[in-house]
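Below, chain A partners chain B and then partners chain C, in two separate complexes.
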Partner chain A sequence: MNQKTFFAFIGPSVLMMVIFIALPLATVLKQSFYVTQPVYQTLEVETCTPNFTGQVCVKEIKTIPTIGDNGKVITQTSFVGLVNYQNVLELPRVIKAFANNSWQQFISIDFWKALRFTLSFTLITLPLVLFFGLVIALCINNVAKSIRGPVIFVSLLPMIITPVIGALSIRWLFIGDGILTSFLEWWLVRDISMFAQAWTIELMMMFYRVWHVAPFAAIVFYAGLQTVNQDTVESAIIDGASRWQKLRYVILPHLMPLIVFVTLIHLMDAYRVFEEVVGFSSQAHVISLQWLTYDFLTSDLMGNRSIGRASASSMLTMIGIVLLLIPVLRGVWIDYKGKRL
Partner chain B sequence: MKDINLIRQPIGLRLSSYFFLIFWCIVAAFPIFWITVISVKLPIDAFNSNPLNVIFGPETLSKGKGLSLIDITIGLSIIIFTAKLTTGWLGRMVNKYSPNGYLGFGWIIGAMAFGLSFIIIFFGIMPSVLSLLNDISGPLGNNILGFSTEHYSTVWFEKNFIKNFQNSIMVTTGVVTISLTFGTLAGYGLARSGSNLAFWILIIALIFRALPHSVLVTGYLPFFINSAEILRPIFGESAPTLYGMPWATVAVLVAINQPFTIWMLRSFFQKIPSELDEAARVDGCSHFQAFRRVIMPVMWPGVITTGLFSFLLAYNDFLVTSMLLEAQNTTMVPAIASMFNMETTTTDQVVAVAAAVSIVVPLFFLVLFFQRQIVSGLTAGAVKG
Partner chain C sequence: MIIKKIATTIAISLISSSVWAGCAFENNIELKSLSNSFDAMKAVTESMAECGNVTSVLDVDFKDKQPEAFAANPSLYQIGGVSNGTMVPLLNAGTIRPLDDLVAKYGSQLKPSQLIKVNGEIMAIAMMVNNQHLMYREDVLKEFRLEVPTTHAEMVAAAATIAKYNVVDYPIGGTYKAGWNLGEEFVNNYLGNGGEFFGEGNAPSINNATGVATLNTMKSLTEYMDPEYLVSDSTYVQQQFQQGKIAMATLWATRAGAMDNAEESQVVGKVIMASAPMGTARPASTNWWDGIVFAKNMTDEQADAAFRVAMEGIDTEMVLANNDDAVWLIDGYVAGSAAAGAIATADNGAAPYPSSSPGMGAMHTALGNGIAAFLTGEKDAATALADIEAAYTIAATEAGLM
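For the complex of A and B:
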């Protein structure tokens, strides 16, 4: 395929990605250095109230947004440098928290709170997803062929369900006197409120995520198990390998590329944890980086959206995912180089 | 070889495999089963702390809303019969009657016709037939299971969920069609080119796939809100405000989906032997002719699978649609967020549950229809990496 036909084939798609992904990214970078604010004007306003004896008039000086000819508030955009980033990172408060040696203070700052949760969420769910995926795949591989189909069907349900709804369905099991909360209360003989403190909410969120992603890992691993070289397994058995050694030295190395694949996908997806915060309505206790940006973007009561701060937190979020992916991508690159040589 | 494996498998290990799978299936299905159960109960039963009360719903029953043994038997048998039809018969019919090369459209039309006739039979004809049967069959016709559809009618008719449903259909159809059109071409081009450029495009696409969606939305939002003013020099007075328009979110979702689409389609095209199009080229076809005449007839399984995943992304999306559409005119998933956040009474909660179940039901049938395609899609991306 020559260059020209190649471009003709990929052209539309690449153009689309440039216009709708690369261009918005550039805009976000630019926006993060600017602030858009309504232009305020100072007016002397006289308000009069009727009284028995006449009128009582009060003069006061008010600052109000200027209204333009078309009835809209006039806004102005100005370059502010790194102010947006400072507003998001809140470094003075960070320094103060460190000076006080107080983790609690540090973690109560929105951005760091979100970062802490996002990272711990990603890194804790990753091994759980890999482990449960592998166990489910091995079990499916172990049972009679006739029941594999139905088991895979049931396993697909949590994977395919709308994330917000999935989170909600877990939440409704626990909320108030939900069935599982009642069960736990009966079992532990104490009052339990799953939505009153951060750590129980985080636990439910992680449970939801593992429930949602483990089937994906399981199906990918199960497909990999079908292609294990039976000769190698057989010779391992003849050499006297135990069941565990067979798993450790034959099957796991064979699945390694798939484990890397699932890790990559899971890192990307878990890092943008967002639907859980919506589904569990946890914003009072637990927030994630995507939710922080979303919150900045949502208009407040006056109809203002802090686009500048949202852009700054977007850029920081993006730097985070790139840092997280570098080790994995480096592996892919070395692999590619190796193949070419 | 297999025999050695079977003989060596100790019975304890096999049994524990079965037990673990049973446990896993319960964990996987229970939350979904449970929201389905509580969505058909009156609030006082739905959030009862005794699970048996939730399942049988004595309060719902005492209001005269329930199902008899006959209802349950006939309803279940219709559902099971439908499930059997969808997994076997429907596929054969589609393969038999869809014109050559249009298998994709055949599936869409077949699935829609099938779904429609199911809805008409199940919700239109069944209730009246059953009430007649219940009247004449004495004790068997007595209600034993609390069952009330009032929350569903609240959701669909009072809360105007139909409009959200229409928006969802519009957005998902748009996203699937456009992203497949662009993605197929690009996927084919990338699969047949071994150049360095192709590799870099794929790597950049991979990085784009990792982008949190909120980053992109931050880029779009100011433009969408002010688009009427920004676009005025080009389109004149008719320049649209993109904010709040469902078709504008289609473009965003297609773009978000594009990296994933081209990766997946590329791996499907790599499985189609390149001798096929080379033969066509030898016979004098250009690349595009070869694509149209030789590749298009055999690419549908991969395209359908990729289409399924595009559908899921568009259908399940919350962030983009809730940010770029107005609260009164969203798709289904953001609409539900406003419902459960306002849950002041328990009735509101059950209404939200009913809305959630309404959203899940199409997905359930999707898995039923397309289980094989979904599994092959998951593994296709993985095997080629």
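For the complex of A and C:
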């Protein structure tokens, strides 16, 4: 393929990536260094409102945004450097918490609270997803050919469900006197409130995520299992390898690139955990980094949004994902170089 | 039952598409409205729909959508349902229309108290007032010879008695869902205790003895609530009440009518409304009003049609059919037993929600996010309040208020 054809082929995708990925990222990066505020004016305003008995008029000195000639609020944008990042990370409070030697204090600061959960969520679900994905794949691979189709379909169902809907269904199974809570209460003969403390909510979130993602891992691994070299398997059997040895020394090494692939995807996905927090309305107990960004973006009763902090927080989330991926990518790179030499 | 419902629905949709039964004129301009979702608002929007060509979106998250939707040109919605709190961002952004001309033309039925005026200009039409009041199961209190509680301490004492017997799952219900609801509970109780949210120059001033006392009161109530109170919103508590699971709750006045709705409630006739419990200064409740605003970015024809449709929505006919859904400000309303608690609360001197303070939005958000840490025992009261002040300060500084 000559160079011209090559660029003609990849040109459109590169253009799309610049418009839809690179430019928005650059904008968010820029916004994270700026703060936009309305220009306020202080005026005496008379407001008449109803109460239960009639109308009350109050004259007050109010701080209200100035509206310009074009009918829009006049705003001013100023460069603030790293202030947004400081406001998200709240380092002085972190230092204070460390000075007091208090993990409790440290973990009650929003960003670090969210980071604690996001990291543990990602790192705990990862091995579970890989394990159950592999188990499901091996099961599918071992069932009779005649029923394999339906089995694959059924095991893929959790992945097909829209994440928020899935989270909400789990919520309704467990909240208050939900079906499963009632069942557990009957079985264990005690009162159970799944949404009353952080650890049960975290458990449900992780259960939900593994249930939701394991089918994806399974289908990838199942595809990999179709390409295992049968000669090697047969020689292993002739050499007297047990089932476990066959899995450990023949099948797993063959699936390794796919395991790395699923790991990468899952790290990226799970670090952006969000649906679970909204679906389980867990914000009183558990928050995630992505939820924090969303919370900054939600306008308060007066219509203010913290765009600057939201941008800083999403940049930090991206940095977090990159840091998490480095060890895995490094492993792949070393492996690749080793093979080339 | 279901067949009957389906039949009614079909009948209603036929009526609204062919015959303009409850409407004085036939509207042929496409109109859309966006508002909160509760029974009274449903009654109003259904009544507006009778004029034809009106699509109503009722969404509990309407306040997140409204400012942006109204800022668009042309506006995505012509009619908006607001309260004293949610009108502020629209007013500040200048996206709602002054109504003096339309009121002069079509608003002869309106009472003077329904006109929301800002610097003399009519900016919204109020339709109802609302606050939080005490709702209690009369049969349960009678059974244990308990007086109707007038303070939170009495409420906790009554709850302690009720909890000894297995008559309800939880003696007290509360809309303590983390976020806006929990923030609102604090605002009610703090104002009830005579607290002030702001000092000089929008600086926060909640980390004080009143703030600590307020938090402790809230915690004492939660001990008799469903342990999952931090995920319980108004609708959830209303349903628990209707299912006979709770005996007492401070709940919105707009939820009172639902207790006697035989289709969903198992406690018809057993729930009585009384004044919200008193704080040290006034009732732990805030007065709100709900009303209708109109987008600035629409044509005069649209504005004309929108206003006329809205007037049909909040006419006497609608009130007569839905008398107990709210404390209406509209002619023809007769205050019934459902409104007794709300009126008693107002008579006892409940404060209006302080939506005129520019920092209140950021404060409400900080409270809603920060109080849960105290209730779960993660932080003590003073630390929780200090952290809320810190969170408020960051948000208010970023918004340019400090």
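Keep in mind that, in the parts below, the second predicted complex is superposed on the first by the 304 of 341 C-alpha atoms of A that agree within 3 Å, B and C clash if a C-alpha of one lies under 4 Å from a C-alpha of the other, contacts with A are read in each partner's own complex, and residues count from 1 in each chain.
Assume a contact is a pair of C-beta atoms (placed from the backbone, for glycine too) under 8 Å apart; a residue touches a chain by one contact, two chains touch by 3 or more.
Because the structure is a prediction, the values reported are computed rather than measured.
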Contacts of A:His285 with chain B and chain C, given as first, second, both or neither: second
Touching partner for A:Ile321 - first (chain B), second (chain C), both, neither: first
Comparison of chain B and chain C by chain A residues contacted: B
Contacts of A:Asn101 with chain B and chain C, given as first, second, both or neither: neither
Partner chain(s) touched by A:Ser146 [first = chain B, second = chain C, both, neither]: neither
First, second, both or neither for A:Val45, with chain B first and chain C second: second
Shared contact residues on chain A - chain B and chain C: 176, 281, 298
Complex interface listing, chain C residues touching chain A: 63-64, 67, 71, 84-86, 88-90, 92-94, 112-120, 126, 129, 177-179, 182, 202, 226-228, 230-231, 236, 240, 287, 289, 296, 327, 329, 342-343, 346-347, 352, 355-356, 358-362, 364-365, 369, 372-373, 375-376, 378-379, 387, 390-391, 394-395, 398-401
Residues of chain A defined as touching chain C within the complex: 35, 37-38, 40, 45-55, 57-58, 60, 62-65, 67, 71-73, 84, 87, 90, 93, 104, 108, 110, 175-176, 193-198, 280-285, 295, 298-304, 306, 308-309
Interface residues, chain A side, partner chain B - complex: 1, 3, 5-6, 8-10, 12-14, 16-17, 19-21, 23-25, 27-28, 31, 36, 135-136, 138-140, 142-143, 147, 149, 151-158, 160-166, 168-170, 172-173, 176-179, 182, 211, 215-216, 219-220, 223-224, 230, 233-234, 237, 243, 257-258, 260-262, 267-268, 271-272, 274-275, 278, 281, 289-290, 293-294, 297-298, 305, 307, 310-311, 314-315, 317-318, 321-322, 325, 329, 332, 336
In the complex with chain A, residue positions of chain B that touch it: 1, 4-5, 8-9, 13-14, 17-18, 20-21, 24-25, 27-29, 31-32, 34-35, 38, 47, 49-51, 54, 181-183, 185-186, 188-190, 192-193, 195, 197-199, 201, 203, 205-223, 251-252, 254-256, 258-259, 262, 287-288, 291, 312, 315-316, 318-319, 323, 333, 336-337, 340-341, 349, 352-353, 356, 359-360, 363-364, 366-368, 371, 374-375, 378-379, 381-383, 385
